[in-house]
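Listed below are the structures to be examined.
In what follows, chain A forms one complex with chain B and a second complex with chain C.
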Partner chain A sequence: MGRELQFEIFRYNPQKEGDQPRMQTFRLEETQNMTLFIALNRIREEQDPSLIFDFCCRAGICGACAMVINGRPGLACQTKTKDQPSKIVLHPLPVFKLIGDLAVDTGVWFREMYEKTESWVHTSKTFDPTKEEERMNNDVAEQIYELERCIECGCCVSACGTARLREDFMGAAALNRIARFVVDPRDERTDKQYFEIIGNDNGVFGCMGLLACEDVCPKGLPLQNQLGFLRRKMGITAIKEIFRK
Partner chain B sequence: MQTYYSDLLVIGAGLAGERVAVDSAEKGFNVTCLSIVPARRSHSSAAQGGMQAALGNSAKGEGDCPDIHFGDTVKGSDWGCDQEVARLFADASPIEMRRLAHWGVPWNRVVPGQSFYFKGGQKFEKYEKPENEGLITARAFGGTAKWRTCYTSDGTGHAVMCTMDNRCAQLGINVLDRKEAIALLHDGETCMGAIVRCLRTGQLEAFISKATAICTGGFGRIYKATTNAVICDGGGHIIAMDTGLVPIGNPEAIQFHPTGIVPTDILVTEGCRGDGGTLLDVNEERFMNIYEPEKAELASRDVVSRWMTHHMREGKGVKSAYGEHLWLDIRHLGDKHISTKLREVDEICHHFLGVDPRTELIPVRPTQHYTMAGIRTNKDGAVYGLKGLFSAGEVACWDMHGFNRLGGNSLAETVVAGGIIGAKIVEFLEGYETKIKTDIVTQEYKKQEQRIQDLISGRNGSENVYDVRNDMQEALMKGCFVFRNGPDLEETVETLQKVLDRAGHIGLKSDGLGVNHELAAALKIKGQVKLALMIAKGALDRTESRGSHNRVDFPERNDAEWLTRTLAYWKEDATLPDLQYEDASPVFEIPPGERGYGGGTIIPADEQFVKERMIKKDK
Partner chain C sequence: MSVDATLHVVRPSKRDAVLDWMQMLTGAGLILFMWCHMLLVSSVIISPKVMNAIAYFFEVTYMAQVGGPVIFLAFLLHFVLAARKIPFRAEGQDTIWKHAKMMHHKDTWLWVVQAVTAMIILIMGAIHMWVVLTDLPITAAKSAARIQGGFWFVFYLILLPCVELHVSIGFYRIGIKWGFIKSEGRAAFKKLEGLLFTIFMVIGIITLIRFMFLA
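Let's look at the complex of A and B:
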């Protein structure tokens, strides 16, 4: 016999007339190697098919299932119940719009982020299919990939003190995105152009330095270092601008 | 009724879907992509290993060219593929990899000088040429003559998906997430869009278009044990099949990957074996080198999965609470290699097994992984049976994979086919006008509304959708897995017919309001069971063994009778699929022959038949 787990789950379906936000209790016997993916699906299939939550890859790769697990944002699929107390409290991620119960709308938030950061390689070159590829140092490729590993789960944003106070704060995911293009030699944007995007209170200077973003990142991205790197770079860019005037 | 209009409607925004969308958008057409999840969560992003392209930059890929890649692909398919399509693919793949580099993919690059690699547990040395420094490099994958798989660490799918989605954002393509197409709009001849359920509100919407492309990935989730994401549930196949006009090609061709972890069936990449990892049995001894002296662990997936299953049946499996399994050993690759080139594998082992692959073995066994089966298209990606409907990627049977696809060929297919078919859609759209029949839109909308109402009210019955789904999954595991035989397949067909009847009597337990998952499952269960029946009936009728389709009672590959592609139609109110057949390939560059691995005997095709179809090459 496994432990009896008690789940306290946030419930609210905005599409249901008169529905009120509330916590609901479910009980489930723990089985070997149980994850929240297994547990939540069992609750939905065996106890309450109206329960709303998101899973996709269930392997910690896609970022769909981020939620607040006993007070801490994380990926539900890679959370093992044996690492949690027998009472497990689940909330949807804050900051993002609620879809229903544990599901939030990260899709729209991140698409807006792509627009704000112009999340693509800015180049004046055109592709020539007859030519050999442009060369790149393998270390540089690995450096880019290190920052490209973001899965847009939203944990960093929902754990961010500034983002929870100010809707217009871009958050660690956006700053990391900029850093990804700064290290990419194919992107021809200048420091001044990056400054236009993040050299303000909504961007790199708005961060209060609490750094929960890095603590909760399920991919272990170096968000703190990127923030420092960009602040220094943007600080220098600002000073250069002052002297030019 | 909320109605949207676009020139091109792409259903599915994974790599194939977004790549298809890019060409039309670049030409100024209005393009909408629909996805049930934010695009970057698509299952493309879970592909770890890489993309095959004959660039020949790395030392172990020297001398590679599209001809060799083509040959490997045809052999891999066990001569089930369309050779014209395999040729288009092999020729275009290197150019597409370079295009992706231009758009921003951080491919791993050639590092000059001496380095080491492992094969079969042994350490070997290689020298990368200084003049190739910084070009796109490659790793080894199964069933290939050269190191040809381009990669970004073991997050290739993720990295390319990021770049492709960036490209879509740059072009201003409307990529709408949480939208699920539940029916196609058509008049029996022409497709004009889809009825879509919004997964934010639960509302139905009409998306009208001149051209429609289905790019929704595979349908592994109809099996109980699969590496696939939960979204790979056949939604795209079902809306095409439900028209009664569109066939599913080779439904019996389902791939089982050798290294799904036990118990969760999460995939660890073929790159583990490509990079020199080995498979061990209960005695911690290698066995693939005994069955396949030449290719060993790097034979094609169908062959490795077959030998693994065979070896476990010989009593050499490791017993566990979750059934028998074997071991994958990458300990000898060392910390640096695992920490940089196999990071996802490392994380998966840590999070889902509590295993450190540097010092411990990884429990693995064959698991459903890929559907070579799919919506049958011609070589331009145009779907059989409906004008204005296209399909690309895993959802389609284009058909470069035949009865077994090589590792690294599917991820490459998404972008290569996406590019080729995307260009063909541009040709189709240029100067094309059509009439949108609003009565058809209204009728279909009402029909879908009624379907939902019936499920909510329980008008058709009170069967539990999750129970029905479970019985379908179990039936497939029993009859349509790695090894198949006549009596089991007959039983599976019978079982599934009963399950199909129950699938027609689903009633929701919940209220079905908003983004209700039970409703989403109920809307597609009937279609899923039909797909399952197509697999079982296709497998029952194909009395030979080819690639991933292994009939214990018909072990020969029978080219005399079965050098064909199954076309499975589902006519309205039928209880079984209608199976038709076409030639596997209209032409041969390489006549049917031995694969060079996998063993087995071949009943040869009629010589005259082959001769008439051989392409004469100018030398």
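Let's look at the complex of A and C:
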């Protein structure tokens, strides 16, 4: 016999007329190696088919199942129930638009972020499909890959005090995205051009250093180091620009 | 109410970068000042004569008369700069409070502590500076008389922990924000932050008690 788990789940479907936000309790017997992915699916299968939540890969790759688990943003598929107390409170991620119950729309936010950060390699070279690919130093490739591992779950944004206070704040995901292009030698953007995107209070200077992003990131991205790196880099860029005049 | 379409595009500016630099530099300067301040005042523990000699030195070199008001201006400037990040509307305060309660995250709470102590220090620190700087020279006997009145003893019992919390959290935060501390060093640095807080609190309390019983 496993523990009896008590789930307190936020319920609200904006599509349903007259629906009121409320917390609903579900009970479930814990099984071996149970994750929240398994638990939520069982609740939906066995107790309430109207429960809305997102899932896709169930392996911490797609980032769809991010939610607030006992106060902390995290991935449901990576959260084992045995690591949680027997009462598990689930909320949808704040900051993002609510679709219903535990599902939020991170897509629109990330699309806007991509547009704002111009999230592509900026190069003046014309692509020649017949030519051999340019070689890259392995260390640099690994550095880029490390930052590319972001699965865009939105946990860092939801955990960020600044993002909660100011909706125009870009958040760690966007700044990490910029850091990825800063280390990429193929991107020809200059520090001054990066500064135009993130050298303000919506960008890196808005960060208050609460580091919840670093602490909740399910992929363990080096967000603290990237934020510090960018602040120094952008700070120095500003000083250089002032003295250049 | 907002308008989606606009003809006005904000031009890139160095304003926020300069403000952030100044916030950090005034903060770092004030941290150094507060550490020195505590060490100098605590010289009364060794002997009131030592404290008087130090105070005399700052007096004859005009560092108290000029340095004092400069520190006061840096203090106000730091407040104005850092206040850009503090929510002054009830709505924002409600948001960050609920957020901190939801997260159970120490660094988020530390920020709330920083913001709350900032407001207390703004008022009490200003009063303290006014009282001391309008009654120069500083002597151990005058300070002791003030503390022994009772009111100022309680006043400093509130101001001291607020300052020490604000200073040590600020020290940690500058290191984090500007990337002087990497993620590997974060836990150790946080311990250092706690240690600094404890050390300066102990020195501060002993100093207060020494003043209380100074003949």
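Quick note on the criterion: the second predicted complex is superposed on the first by the 245 of 245 C-alpha atoms of A that agree within 3 Å, B and C clash if a C-alpha of one lies under 4 Å from a C-alpha of the other, contacts with A are read in each partner's own complex, and residues count from 1 in each chain.
Convention: a contact is a pair of C-beta atoms (placed from the backbone, for glycine too) under 8 Å apart; a residue touches a chain by one contact, two chains touch by 3 or more.
These numbers were taken from a predicted model, which means no experiment stands behind them.
Per the definitions stated earlier, placing chain B and chain C onto a shared chain A by superposition produces no clash, and the two fit side by side. In the superposition on chain A, A:I242 makes contact with chain C only, not with chain B. A count of residues in chain A touched by chain B and by chain C gives the higher number to B.
By the document's definition of touching, of the two partners only chain B reaches A:D105; chain C does not. Per the superposed model, the minimal spacing between any CA atom of chain B and any CA atom of chain C is 17 Å. In the superposition on chain A, the residues of chain A contacted by chain B and by chain C do not overlap at all.
Partner chain A is touched in their complex by these residues of chain C: 12-21, 84-85, 87, 92, 95-96, 99-105, 107-108, 111, 173, 176-183, 186.
On chain A, the positions that touch chain C within their shared complex are 68, 70-72, 91, 94, 159, 161-162, 164-165, 195-196, 199-201, 205-212, 214-215, 222, 224-225, 227-229, 231-232, 234-235, 237-239, 241-242. Taken together, the chain B residues at the contact with chain A in this complex read 37-38, 40-43, 45-46, 95, 97-99, 101-104, 106-111, 133-137, 152-153, 155, 158-159, 162, 165-167, 169-170, 175, 177-178, 199-202, 229-231, 263-264, 266-267, 321, 340, 344, 347-348, 351-352, 466, 508-511, 513-518. Within the complex formed with chain B, the residues of chain A that make contact are 13-16, 32-33, 35, 44-45, 48-52, 54-64, 78, 80, 99-100, 103, 105-108, 110-111, 114-115, 118-121, 123, 125, 127, 129, 131-138, 140-142, 144-145, 148-149, 151-152, 184, 186-187.
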